[in-house]
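Per-chain residue numbering starts at 1, and chain names A, B and C are given in the order in which the chains are listed.
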Amino acid sequence: MAPSLAEIVGRFGGRLVGDGTARVARIATLAHADADTISFLANPRYRAQLAQTRAAAVILDEAHAEHSPVACIVTDEPYLYFARVAQWLHPPAPCHPGRHASAICETERIAPSAAIGPGAYIGPDAVIGERVSIGAGCYVGAGAVIGVDTRLAPRSTVMDGCRVGARAIMHSGAVVGADGFGFARRQDGEWLKIPQIGRVRIGDDVEVGANTTIDRGAIEDTVIGDGVKLDNQIQIGHNVIIGAHTAIAGCVGIAGSARIGRRCTLGGGAIVLGHLAIADDVHISAGTLVARSIREAGQYTGTVPSLPHREWRRHFAHLRRLDHLATRLRALEKPGTKHANTED
Amino acid sequence: MAPSLAEIVGRFGGRLVGDGTARVARIATLAHADADTISFLANPRYRAQLAQTRAAAVILDEAHAEHSPVACIVTDEPYLYFARVAQWLHPPAPCHPGRHASAICETERIAPSAAIGPGAYIGPDAVIGERVSIGAGCYVGAGAVIGVDTRLAPRSTVMDGCRVGARAIMHSGAVVGADGFGFARRQDGEWLKIPQIGRVRIGDDVEVGANTTIDRGAIEDTVIGDGVKLDNQIQIGHNVIIGAHTAIAGCVGIAGSARIGRRCTLGGGAIVLGHLAIADDVHISAGTLVARSIREAGQYTGTVPSLPHREWRRHFAHLRRLDHLATRLRALEKPGTKHANTED
Amino acid sequence: MAPSLAEIVGRFGGRLVGDGTARVARIATLAHADADTISFLANPRYRAQLAQTRAAAVILDEAHAEHSPVACIVTDEPYLYFARVAQWLHPPAPCHPGRHASAICETERIAPSAAIGPGAYIGPDAVIGERVSIGAGCYVGAGAVIGVDTRLAPRSTVMDGCRVGARAIMHSGAVVGADGFGFARRQDGEWLKIPQIGRVRIGDDVEVGANTTIDRGAIEDTVIGDGVKLDNQIQIGHNVIIGAHTAIAGCVGIAGSARIGRRCTLGGGAIVLGHLAIADDVHISAGTLVARSIREAGQYTGTVPSLPHREWRRHFAHLRRLDHLATRLRALEKPGTKHANTED
């Protein structure tokens, strides 16, 4: 039976306002909730929807409690509380132990509680931990190690020798351990490949998004710390080191040997150049190029405003001659200097 | 037998100039055409190639008709006309009904006219429509629905519960319905995963490029409208809504809960932040970051000019002190104010 | 037995300083080397690590030879020398000829020395050269041609009719030959697909990164020259032509019909618009948008500096009114003109 509000508060804390016997089976947004659901208000942008909600209950903070038209659970951190309730109401699909007949397993070291999906391949000497789920069509290379309770979604790849910690989630199309991009240039312009003999080591509780790629190290390893969350379509170059609990949004590229600190966030489409270091607790805005090391915590931005195209043309043409503009300004500032500008 | 020009004009309209009995088997560019081919002139950039073409006929507009050295079909919209002729001369490979012996189908609901390729997996309760083609190594999750005449190229993925409309094309490596990037942050910096229980709903006549990813909604659905065209390597976050007939070029990233209007175009590498809205008929230039809602139709741009590196260094250094520059200008404008600039 | 330093110098040249009988089994970084390894010093950034190294020998240039605490091999090009030694000490895993029982091969034209992995699919009339390795779960379409000694990592895709040269490496998730993004727009905003009937032709010694996509040509072919190196997550549009020995970093997007010269480099996240040409020996900085043809060799840049967020806000607000600023400056320069600025 679906849990009652009283059970939820008993389990997760918070102050209940209203009827504790009401039962909630699912989560819902304020706008689309019904009497079987519990909703939440965390982003003030959605405050106006509170008055109309039909949820059985709403998770919210003290300031909004009196405005709730329905039962509510009051907490200092509504979003975090909601996450816990959501995880409880919507647990991941259970892992059914066993190997599909079409899977090809060349290792003996697969835990009996692990599930290996149709057409998956597990290479020699790979180690698959307890309750691991390897989706259909996945590739786990020779000697790779997948920690307990980790789930690989269908068609994800972990190349030879790479290690993934416990409770990780890897989404479809993710590729861990392809060769890093390492070449030496000859005088004539041809490139000579440097063998990429390092591995990728991924910590516990990491999530790797769909079609994200993490290259193996050139000599030593590429390292992804515990609790790191990577969105889709991210590229992480060889020998990058990412500190624990850093979260990276989609389409970010991180070049080789960059070191990112702990608890950082990188916004979508950001680019981080190679061989530099970013301190702990740094937040990079979406679309920002990081070309130098950042030694102090804080937010960093390097984007340009978007404008109606005609306005943009008018203003941004000046970027091509800012130096000239500055020179003219300096000339005007010099008393007694006559400045004749003929260029524009 | 290949169709004659008269048959083409009979079918698609336009005014024929020249011999209607000539037959064309294939399309060709002006520069590489031969006597079996029909070509077109739509982009004025290629006008100079018209005089030399060896095509049997050229599709072009009234203004260029007199310059054609060969037969031509005159129409107001040469590129659209060309598209229709090209589709007729080069239809998609036919779909051969049946399931490859190596495919694994856990559903009963596969139309008899559908084709399921080698090593493909179709999950329980999935619905595969008439004349659908599921390529080799595809994954279609439990309860997913694939509309009639849709084609999934090899190694594409549609996760559990997602819906794809009719006549859609999904290219290799595309991933529809991976988890959205949703986490609540604890005080200590750790992230708690929000279960992503929404789905992806894709309309009719949609094309999804190679390695493009469309995340499932957090609670409600991510929605891709009818006729939307997505190029390769695009990332679409959870709960994004894209209006009908919008076209998006490669490497674009759209963050969660963004709403894009109808008939928009987004240029390559553009980034759209989350929780904002873009009106109908908006055109975003390549490489532009959209950080605020756009309420009016039109073109929007936010890029910087690229320059020879030395020039760039000279000009762009000033971006770090534009405010200072503006302050000095303001000082000069104040009559009687003496300004002593010592900084640069 | 591992080779001695004397054998290495005998094979690759250079001047040996120290005991030629010492043997090295592996490469290592200066910081983590031990007595079985050979290291190198190429990037001056790591010079300080030379004094502490425990390598058996270090590859370096004349200027650093006297500072080596261990044996060394002196050469003008330490990185290139290192690449050669690394390739010799760490050759690619050998290719074991034969077809896995689960592979599906619909062509007769597979060389006996080729290796076809588990679950791979090879279409009708495809040609697989000598010593080619096709990884698990790869898709090679009808009529595709894979040149001798080429390796396709697991789960990579080469679509129908495309050609890959000799000694190429394609990493997991790469997709060669998906449809280009070609549509004609109707008056009502709907898009009509242009059949993409060209192919992709890839030269010899090319490397294609994980999840990189290269679209087939619309009518003619997309062409990747000999020795081109492509990192991960790159998108290359239809009919792009890339000259020999050009190297492109991760997350780059190149729009349709762009022509890139020989020996160019493109930094991570760069975007190149369509229908333009870039000359030989051009170097595009990371994050730069190329919107016009570049006719002269050299480095080109178009990025903005990233700043602490507050500073960025102060300076970059002025970008929206640069034209106004320039106008005011011009007014000040006109002798006798009185300027009253009321805007900011």
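Please note the rule applied: contacts are C-beta pairs under 8 Å (C-beta built on N, C-alpha and C of every residue); 3 or more make two chains touch, one makes a residue touch a chain.
Because the structure is predicted, anything quoted here is derived from the model rather than measured.
> Through what angle, between 0 and 180°, must chain B be rotated so its C-alpha atoms fit those of chain C, rounded to a multiple of 5?
120
> Can we say the copies chain A and chain C touch using the same residue numbers, with more than half in common, or are the two sides different?
Here the answer is different, because the shared fraction of interface numbers falls below one half.
> Using mean CA coordinates as chain centres, what's the chain A-chain C distance in Å?
24
> Pull out every residue in chain C that's touching 2 or more other chains.
In chain C, 102, 119, 137, 155, 173, 211, 233, 251, 269, 303-305, 307, 316-317, 319, 325, 329, 332 touch at least two other chains.
> What part of chain C is in contact with chain B in the complex they form?
Its residues touching chain B are 102, 104, 119, 121, 137, 139, 141, 155, 157, 159, 173, 175, 178-179, 181, 183-186, 189-195, 197, 211, 213, 215, 219-220, 233, 235, 237, 251, 253, 255, 269, 271, 273, 275, 284-285, 288-291, 298-305, 307, 311, 314-319, 325, 328-329, 332, 339-341, 344.
> In their shared complex, at which residues does chain B touch chain C?
The touching residues are 26-29, 32, 43, 45, 77, 79-80, 82-84, 86-87, 89-92, 100, 102, 117-119, 135-137, 153-155, 169, 171-173, 205, 207, 209-211, 227, 229, 231-233, 244-245, 247, 249-251, 262-263, 268-269, 286-287, 303-309, 312-313, 316, 319-323, 325-326, 329-330, 332-333.
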